[in-house]
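Look at the two complexes coming up: chain A is in both, with chain B in one and chain C in the other.
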Partner chain A sequence: MTELEAGRAQALLPVRSGAALQRYRDVLIALIAFAVLASLPMFTGSEALLDFVIRCSAYGLFATSLNLLVGYTGLTSFGHGMFFGLGAYSFGLIMQKLGVPIPVAFVATLAITAVIAAVIGAICVRLKDIYFAFVTLAFQMLIHSTILSWASFTGGDQGLRGGIPRPVFLGIDLANHVHLYVASCALLILGLLAMRQIAQSPFGYTLRMIRDNAARASFLGIDVWRAKLTVFVLAALFASMGGMVMALFVSGAYPEFAYWTISGEGIFINMLGGVSTFLGPMVGTVLLLLLNDTVTRFTEYHGIVLGVVILFFALGLRKGLLDFVAEWYTHRRDAGEGR
Partner chain B sequence: MTRTRTPGISRRSTLALMGAGAMSVAAPWVARAQAKTVKIGMPTILSGRVAQLGTSSRNAVMLEVDKVNAAGGLAGRQIEMVVRDSKGAPQEAARVARELVNTDGCELLLDGEASSGSFAVHEVARDLGVLCIHTNSEASSLTADPKQHIPNAFRCVRQGIHDSIVGGSYAAGIAKAKGLKKWATCSPDYAYGRDTTGEFTLYLKRFAPDVEVISESWPKLFQPDYTEVVTKILQAKPQALYSCLWGGDLTSYIDQANIYAMFAQMEVFAVNMADYTALTVVKNLPKGIHSGNRYIKTYPSTPENAAWGDAYKAKYNEYPTNWSWQNATAVMFLAEAAKKANSTDGKKIAEVLAGLTIKCPFGADGTVTMRGDDHTLVGYAIGWGTTIPQEPYVPEVKAGDWKTIFELEAEWKKSKGYT
Partner chain C sequence: MDLDALTGCLTSSACLVTQTTSGLIIGMLLFLVAVGLTLIFGVLKIVNFSHGAFYMFGAYFAMTTYHLTESFALAMLAGAAGTAILGLIFERVFMSRVYGADVLMQLLVCYAFVLIFDDVVRLIWGPEFKSMGMPAAFQVMPLFIAGGVVPPYYLLLIGVALVAAIVLGIGLSRSRIGKVIRAAAHNPGMVSALGINTGLIYGGVFALGGMLAGLAGALAAPVRSLTPGMGFSVLIESFIVTVIGGMGSIVGALVGALLIGLIRSFGSLGFPLFTEGLMYLFMVIVLVSKPTGLFGKEAA
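For the complex of A and B:
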């Protein structure tokens, strides 16, 4: 080992242990968050609150996975909702037609999503910016149209009817509302933790480099296309998980799940919560669902209210909520240190 | 300085005492009033493209609920409606329905959703066991398919298959009389359009075997431009045209086809024409379009129906829609069933509802029935007639025969593997 190499190794050590420390911290936070969420039914009998958290899980997984593309890689996908729909339909169809145990259907759905995402991604990630956005949108509409026209298999515009069967597995009965709630929380936390690991890994930093300067990354020997394709497939898997949670919640799958409006909501959530922090989309999800649920209670003109809110975020804060808070915090800390 | 305040009870404490007194007198009343009202939840579509229909559903429900409340309520309990928008999205419909029951304490559900939303609410009803009456979904499979059947859900809506049977036999009569052999179809490209058109031509050919469909067009739902479709049909030179376009699609289609004088060149059968939302919007309503009755206050031509249509118009300053009469009928069913059961308990009402026949302005013979074996509405006024450009728009309607409907419906169910 040359002197130079030895010096580099020494410099790397604290970085490595720092990364490990952060990983432990993330796992700890995840465990605490899960414990808090899972113990919620003991303190409250509010079914609506549990419903809310289940929906947050579905949308949260979906929106955070979209942020892996938008925020970390700079791939603005307009068609991410297709994987949400794909997850819901694959899971629902497998359960209805094959009657396999739920974990088998879960893994099979992920496998199907991975294959389809790899094919679609292989075509899309070669493109940049608006071309990427529109080709993903086109694929989404293709999947949506397929669901609509393949009525004998998918039920067409009426969706998967007759309910999704939920046989008990490992003592977990997803037909029971509390069991479904805890399972959704577990999926959400596991999904978030996995995505956090991806974002903080060297691969995650590669993605950021691609976002900031793809040409430089390429010159450094990174296979940009492969990295983009990998993150495209990974993001699709988590979106598909979100779709499965939603399918379990409504006990069905409907073509609206694969429509462009779902992708639009994903982008909207990311704008609300912010894309520069990992938990931004999660904050956005909670915000959007809270807004939606409270505003629709009082008026059918919710479109106006949501429009005003997004105008406020876009023109007023000029960033998502968590971005704003994070910046304000750094600003304050720096000012404090400067004194 | 002397104190101006006299000893004794101050103004503040007097007010407090009065308040407390009022509370203690009123509290039991308030409590009793709360226990007495029965909340009925209703998810429906109040925003977006079909908002007009959702609003007309809410209007009709409120019109009837006011009557029920004035007459003493549902088994003695005043009804409080909680109507909420689902935006036509099934996941929202499911959420809203669950919220209405779990959070708002609604004991019964009127499901004002169409197509996929109604199936989502159906699953909520299955899950929560709450009594649910579907009021807007015309998809036959919702009640015909035994997989969908649950004891606590009913459908108080006209059905695609009934319309097709009546339409097919009516059109066949005219086809035979006028020698219309070459037919074209033009319907929206989604399940409702495909199924209804398929069923219509099936029954048309059954009653008039020498009919031949020479051209089919499937414009997209909510398509703005129909030029291509219109010219395609004109080139095929059919003698008659069938269409199940509806609402804004139908009116744009007619306005655009008018430019090509299409209606002078062939007989047109548009099942969804005779609905005020279409009749009053078309710029030049051609004379002689054949249509099924959606809602029209002159059919059934009874004073009760005319009075109901006028009362609705007087209150909301517009005519009712097809969704209106269905929702009004659902409230009538609830009121009658609660009276018979002498209870607002969903289970007891459901037991009475199955097979219940009530007097109703929209019945073919003044009554409608909630059929016991598949929990769906039968016996409602159903018929076809031709349009004129001004009120009453469809002056004469030829009534469909329910005996024939029942026979062919049973056959259809068998062919679908439902029975």
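For the complex of A and C:
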């Protein structure tokens, strides 16, 4: 439980009185990050780099939303990928069948995700620990099987093909590579900022309390079931956003998006980057995608290389990279103050 | 959906026998894998995510031994013994380092080995589909029971799995070693204080679990095609079995495996595309109505 203990120590600190100040700081950091990312196409013509950032946006939104459940609330979901797939499929289907403007499809997808997540979540969050993990996994595979067997609607194992139409909206043309890139970055930054606000809000601290001691939270008058359900639905919305970015990027949706391996990768990203820092999953995303891309270029046996790297993290560092760095930094600072 | 095919089958004894035996062999193979999984969880409190790899290695070991020696018995032995040794090494060298660590950390180590083992198989045996071929001794006329076709090999497979289930059940409840294992599952500290080497028990249980999965792989080798990653679907299904039956329960694993086997064989008639969906639906229903599974105990 080393990861979570680190987070626990952080949770025990009183909420800073300068909460507003921190919010301004977060917004400022987000603006700077967006400015840097958005100006990237001016300096480099590398399409591969832009593609990489788009993929990071999709997976980053997904992994960070999973951390709201795993790291902040202690709900280990093995089926979070279902909302990634759901986002990709419903966005693609709405665009293909209805031909509405992109923002309408975006909002409609979020609404559909919210309803489905509320129904599934209401059943799942009653269960604890490993049983929660299993029942979410079962729902994920149920959705995956439905996508496969409902071939007339979803395209079955071929996936949603024929491309996703992208009508120009207010001068934004997502068929243009740079426009798509900037839009993905904007969604990523907005999504991260929103999740950061959730994590730092009183509700976010309620979640930490539920993770640490659900019985105490319940005695203090918190409706634990409701809080868990709320964060389950919120996390599903951001995962669905990641799925939509992915659908736009590949111009389609595939059953693999809803397969349980996506959830597995999400957990893996969180472990790689660290679950007790907000940006840990983002670091993990970049790490995993970098690893995947470089290793597959050098050897066809990338499973062995990836496996050994994972072992290094699991048996060597015993925590995610950003957690490791953060702990090392506090340790050093404390040692310095003690002198 | 093809409900006519399903009702048609249910009213014909020939089809009923054929589907039931095919359900039984799916179920029995699943049981051998799932019982190892449930045993390892019950004693070590570890969800062995890499259990499917032992099934895969069992099949490959059996195939290679069979091609070298032409002996079916030796092939089965190689499959079971090879994976037992592999399980022991895996537990002692790697898994024993993450006891007491975060569950996610344990899963991560297993996940790493799923990736590594699949690639190791690809390195040694190649990425293409392989087949062991039905041993000559079983290339005989199939039996006809009530009009249904039953290959003799299926009977052997079901028999071996049943024997394994009975030996395991009696061994755990009656023998001294069985009692020690159950005690270690209940209170490892106390068992250790009584002068029993718990590390040895943990390694032994892991080896036993690996051996059963390897035996399942070896038994499946003549009737299934071999490919790297073959352990994965088996792993997922045996997870469903253990969850339905109750984590840690051997009877539960048997009942769960047979239920899933029958759902698969009859479901493939009525709902050819949604067969997997049926299994997950069943799992959701069981989990929601009884989270600890059909035979699981509260907070074991």
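As a working rule, the second predicted complex is superposed on the first by the 322 of 339 C-alpha atoms of A that agree within 3 Å, B and C clash if a C-alpha of one lies under 4 Å from a C-alpha of the other, contacts with A are read in each partner's own complex, and residues count from 1 in each chain.
In this section, a residue touches a chain if its C-beta (ideal position, glycine included) is under 8 Å from a C-beta of that chain, and two chains touch if they have at least 3 such contacts.
Because the structure is a prediction, the values reported are computed rather than measured.
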{"item": "Joint occupancy of chain A by chain B and chain C, clash or fit", "value": "clash"}
{"item": "Which superposed partner A:M271 touches (first chain B, second chain C, both, neither)", "value": "second"}
{"item": "Which of chain B and chain C A:I29 touches, first, second, both or neither", "value": "neither"}
{"item": "Chain A: partner with more touched residues, chain B or chain C", "value": "C"}
{"item": "Partner chain(s) touched by A:G303 [first = chain B, second = chain C, both, neither]", "value": "both"}
{"item": "Touched partner set for A:T76, first chain B, second chain C, both or neither", "value": "second"}
{"item": "Partner chain(s) touched by A:A151 [first = chain B, second = chain C, both, neither]", "value": "both"}
{"item": "Doubly contacted chain A residues - partners chain C and chain B", "value": "148, 151, 156, 301-303"}
{"item": "Chain A to chain B touching residues, read off their complex", "value": "46-48, 51, 55, 148, 151, 156-159, 161-163, 246, 249-252, 254-257, 261, 293, 296-297, 300-303"}
{"item": "Chain A contact footprint on chain C (complex, rising order)", "value": "47, 94, 97-98, 101-105, 107-109, 111-116, 118-120, 122-123, 236, 239-240, 243, 247, 271, 273-274, 276-277, 280-281, 283-284, 287-288, 291-292"}
{"item": "In the complex, chain B residues that touch chain A", "value": "46-47, 51, 84-85, 87, 89-92, 94-96, 98-99, 102-103, 115-116, 119-120, 123, 126-127, 139, 141, 145, 147-148, 190-192, 194"}
{"item": "Chain A residues touching chain C - in the complex, by the definition given at the top", "value": "1-4, 70, 76, 123, 127-128, 130-131, 134-135, 137-139, 141-142, 145-146, 148-149, 151, 156, 260, 264, 267-268, 270-271, 301-304, 306-308, 310-311, 313-315, 318"}
